[in-house]
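Each of the next two complexes has subunit A plus one more chain, namely subunit B in the first and subunit C in the second.
Moving on, here comes the complex of A and B:
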């Protein structure tokens, strides 16, 4: 998505407004000691984007990646708790060798190597060192130590001696760097904070990585690494300068996309399936476009328009493709690609929860599910964990959509809730999930189920509504919608659950988010320029699991 | 109509500049966007053929040029040419004239073998000449009428009379299989847009757009047509027509209009119908089915549907392709052209009085769709320009393709 002049102008305003903020450095923020340093495995997207940024987008990245783990509601937090399995290492090894070979092959060597060897058939210490120093700094996100560099140059020279090819030697030395833990993991290190005696902070290179992966979802660029090398990231002014540069970049969209993909649980799209007999319009292209539609809608609202996060649940603006047109039953003029679309004011669709990317994702292959949709709203959007169902629960009544006594999902769930063991959780999930019953398992609009009219009324934490748009309004006005986003974004940024001692800081952040008009780029700036974001506290007090998602 | 278009633009509905041409009937008119309109994408499109019962072809089916050629050879040569590895040679040889010309391009260079044509009285289609008995009129030549299996009288479908005994053109024959598969795979697409029905009315006068589209027909993986897809009208105005029509009792019928539909027969082609009429049943579930019928100019039809081979192909390949189609469908080009001329029933030549076009009917099925106007860029090539000096090349150049 291209951003126009309007977005740049908006950022200019934000940057100008932030000058005062930079000056006082959010001095009214409650102090916090932060949390522990973390070691996070790169996600597949981060790996791919890092390789593209370092070596070029034409370098192919093949093979399977190890599955991510969701923890405290986020894959970003789970990334701090995963390792590389033996089979994952094999995959990583093979991928590294393939990438290294591409970087030095005849199609790429002249543009990717910063020097030419004196002879392509003999070792060249200086050129090998220049090559490996350059890429080592980018891959490890900090400069390579001289001893390690010499070791790698030695490896290159030995391989060149065997193969008689300088570039094969380079590939031999480069490949281990690509499956090194220092590349596969974001390994943070801390140092004493001179401004806060007794408190530690991340070192400059760890700060650079946190900033880059938070704002751009990729490895730090040369300017950021240079800032770390020069100590700029040890000053608030230096950090602000880099953060403003990164916020003004088109690459911010990648960062926000990555967060939303994690926050909205979009990894579930990998296994999304629908019954082709019941839903012939569904295919993998529809699934991919449904996922992309939500992200485009959100990026447009949050980044391009720099708009109110809460309006995501009420907006009529979205984007469509020809694949999605039959599901929404609206004309799409663009023969290829995306086109903006605005649902009319009287249309039942309003907000992200009424998009196919939500309604189809949180439904069964052959029928809708108010329970799954309600659970997703509670857990993903409101950060309210819902307990798993009892092991002995009988779902027969809910699953039988042909029972003439219970023609609608509301009928079936009402009967199901008569079971005392089920009632508690369903009271949390169903009233919100039933509001989306006008959308079938694919997300197409309907007014009846089995010939019976659908009642989409309900309430969310006491706020009553009568239709899907009403649910969006209730989500817009619910305080948990805001606190969940703020808490999730901070957990995403730090890769860990929020520490008990950080709760006052989070409350303050929520207040500032509200004062800032619920604008996500501004929230990102507040986090990225805060002391809390870089503070390190070896001793932490983990929250109870129930609160850890908030 | 102008006010309607302008008011739509006023509420934000994009109407292409070419859309104003929709005010006049005939080719080159462009559509407007839906609204209260009902759009359809045709999901099944092929000649309205039928088995016709035992009386249809009482003397048997037609004989292909290949079989006629083999029968003309001495036994030893026949055995040699019948070998599998001689198949391509046989295809080519079977349509080669004595002086080496392609008979599917030059059908007048050999004597008519008088192919078997339909003798029965049953066929699908529409009454195109307006007569009950097929007597000659100022616009038609005398011919026998058909009745449809459902009892519709006075049906005109002389193309079926010519091709109804050709094995490949009979129901599920190889020509139907080939062209239906081509249609389903997206090689050509037909759109219908029913415009102007008053809101809330089920019957009334309408304007009907009949267009080609370069977008493939949307099908699910299990073969089910996908309803409510958006398809864009063909960028070339040549493949658009607008007719006046009416809906009565759930049946849409249109007045005659000349139209051209983009088509492929292994290469770009065209179905041109003069005085075309549509008869569509609008089904309660939103689908539609019926017939599109009209007169095909015999010369144009023959050269677009029997004179095969891609423009850029060598002459030998054109021999093989046209010969293979004739062999596998079971006709010979010379007899087909002769029968088409003999049984032509429309558009008499003023000088000779002989009819130049033949009544034809296509059976169509359709699902609801959004018919999208083409962009304002106007006509643009959809296929590479052809360097062919024959019919196809002249046609492509005429269209600016």
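Moving on, here comes the complex of A and C:
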């Protein structure tokens, strides 16, 4: 009892201390108290990339992954809420056995094991220890304690005694490391901040993981782990050095791609279907290319050109493949691969929202949907949640899509909005969604629906436009476009919702983003080198790894 | 060589070649006289499963006018008419909102499955999980989840709101999981524990032994999640443990052949084809004692079912298709309901075709089918339609129509839990708290 009160008192002191001292690093950044440590389950992509980085890209990763959950708009936040279900564990176990077997098979053992055993048919303590120590550090993202290493070496030796094969013994000891919670989850630990007594921060290895998964979407490399081991990540200078190295690497593209994939809700592509009779041009290849086109366009704008994020909604530059050609009605010369393409200035297509990867994704299998598109723009790109529709919706006015009075979606939705219970939300979604009605369920351009001309005019929060390109311009100029990106990126980076107390820091980040020319790599640098990113809120400090994992 | 082939497997091979499915006289020596129990006195296992379809029904065309046995086969029940006497209908049982908003297509299934509404702070397991925790502990899989729509997220089985049991969507993957290299034929003559399984189990305990140290490293909320991870690990350990013991004979087990690789998706013919394969695999997983619990999703809540060449999904149709003035119902939306009821009939047919003793697999099962809404057009969750098939080894009275008179739908899940041995004398939250099962169907 007394102890509890004492702790609460200590927390209050700590909180006060944090407010007083955080934020002196990046010029005028407002102080934040940070957030809790989080335990994030690796995404499928993070798992695959980690295995490729640790064991080589020729190691096959098979089987089904558990679905991710979207929370606060992001799968990256949902990752802090999900666990491993029985069937998910079964899959992890099978995958672990298959990976471990490949690593030690005849084709790989000589290049993957850091040593050779004295005999392939007998246990070799030293070599097994060397192998397991090496991979344990990479898989768990921190060194494995000596006692635990001995136990795993014991596992390897026992298995070798049964199988009569040194390498299969290694595989038996390696497999559990691949389904261990320390690999499947990113377990963060905090430590007292020696510079500021009473204040907590992430320990060096947790910092290394946060940086690596944010900037590269994969496990920390040897250099980053070494930096953590040597205490480099305990200093701002050391962190800056690593962040600059990572930002300069071509792997930054994987990091930005992973963020965009999550931010744009591209997991929906997994189940995207179009009616094959109405849209014979659609197939899985078109779907895959449509997804890749958006990502390629965005990476080109944001990373390759280090350009203004807002221009993504107005850019005429994109990339096409042969299979996308017919959908865009553009001849594509390249027989395979991607070809840069610029839509002419008078073309209706401008910006990410007019690409098939957006218009086809947010539509029904058999027809376009201004409501789904409007909802996606509001919720995903502007971070404005749209309330759920009332359960008892009266569709009396719009139920007949063949009604000669309501030939276009605009006609039908206008009638629908006459219903007071529907008007509130549809006013938010429809004017933006209807601007994209020139694109059918597949994303192909059209000027009429059921023989009636399509009117793509509308307004976004007061800014009027007459066509899809105008919507792109309005998105470019909308302050919510910017604040949503900044907030989403920070939530993505920390794996949690933004705390109320962090709002001044978020506002500051938005102002910096504007001053930095809306450049995403610079924004990433600001986040990755901030005190806020590594600060641990005092009310949630579990035991540090060093004490708990002796 | 001969020692590896039991008389049984020779017999079965011969019969399979002839395309015959009958109970083998040889097998009946395992059974007592009335075919409900093994000769040693142990009862044949009773299985439990759910079968879900999306977007409800049309009350006037689905609900029979009379209650009790021998109920009228209404137009929307016609596709499963052959199984009327094996299926009890539970109509007029309500998911009660208690003033909470009706989250379309979510409040219904979650309220029905957990006895509490989503978003109300109650983060409860679904009854199928509670049942599997009791009946599934001695089988290789605690339960199997499948969806026929190609989307693993289509599942209504949950440990908690954040821990949904994802569905298997590929028949080939499900086959491999059950009948792949790790499958042990329960009727194989000889048995030798596999040293590989012993090694796997031994190294797995290494991770389990680190549990306490890892738990200390995380905060309270994450401790719950980590604990769920270790529960999952423990379950696989138990599966491995079972594989080290000689399995008891499974009288009706006939290992199916591997299904052909197929594309899965939401188009109705695709869904029905997937369902046919999934059903056969689930039936044999039950007959071969690989699991005692299952959850089948034919179509999801807010049904994505669609027909090639049309621009509207089942769900959209329920809202947008006009009610035919002469017929009084939505013609095109009802097409998908008919297909759903036909699939339900086919599911029962497959279970009933598996002979166990002098009964069938269906006789030894309790299968609870339900939907997400009653009338989908208005997202109504009053009178959420439910059906219970099978005799649950003699515990259930099949073929009754029961009118719930607006009592909570949680009574249905509660009844299932009680029949399956979950120790509970009350279940559900707020107005859905119940203490009385649906006695009309209980023997």
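Throughout what follows, the second predicted complex is superposed on the first by the 504 of 550 C-alpha atoms of A that agree within 3 Å, B and C clash if a C-alpha of one lies under 4 Å from a C-alpha of the other, contacts with A are read in each partner's own complex, and residues count from 1 in each chain.
Here is the rule we go by: contacts are C-beta pairs under 8 Å (C-beta built on N, C-alpha and C of every residue); 3 or more make two chains touch, one makes a residue touch a chain.
Keep in mind that what you see is a predicted model, and the values were worked out from it rather than measured.
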Clash or fit, subunit B versus subunit C on superposed subunit A: fit
Which superposed partner A:36 touches (first subunit B, second subunit C, both, neither): second
First, second, both or neither for A:280, with subunit B first and subunit C second: first
Which superposed partner A:331 touches (first subunit B, second subunit C, both, neither): first
Partner chain in contact with A:45 - subunit B first, subunit C second, else both or neither: neither
Partner contacting more residues of subunit A (subunit B vs subunit C): C
Subunit B versus subunit C as contact partner of A:411, first or second or both or neither: neither
Which of subunit B and subunit C A:187 touches, first, second, both or neither: second
Touched partner set for A:322, first subunit B, second subunit C, both or neither: first
Superposed arrangement (fit on chain A Cα atoms) - minimum subunit B/subunit C Cα distance in Å: 10
Doubly contacted residues of subunit A, that is, touched by subunit B and again by subunit C: 276-277
Subunit A residues touching subunit B - in the complex, by the definition given at the top: 276-277, 280-281, 283, 322, 325-326, 329-333, 335
Complex interface listing, subunit A residues touching subunit C: 36-39, 64, 66-67, 69, 81-90, 93, 97, 148, 151-152, 155, 158-159, 162-163, 172-173, 175-176, 179-182, 184-185, 187, 189, 270-271, 273, 275-278, 364-367, 388-393, 395, 398-401, 441, 540-545, 547-550
Interface residues, subunit C side, partner subunit A - complex: 101-104, 107, 141-142, 145, 150-153, 159, 162-166, 168, 173, 177, 195, 198-200, 202-204, 206-207, 209-210, 213-214, 216-219, 222, 225-226, 228-229, 231-233, 235-236, 239, 265-267, 306, 308-313, 316, 319-322, 377-380
Residue ranges of subunit B in contact with subunit A within the complex: 14, 33-34, 215, 218, 220-222, 224, 226-230, 232, 370, 372
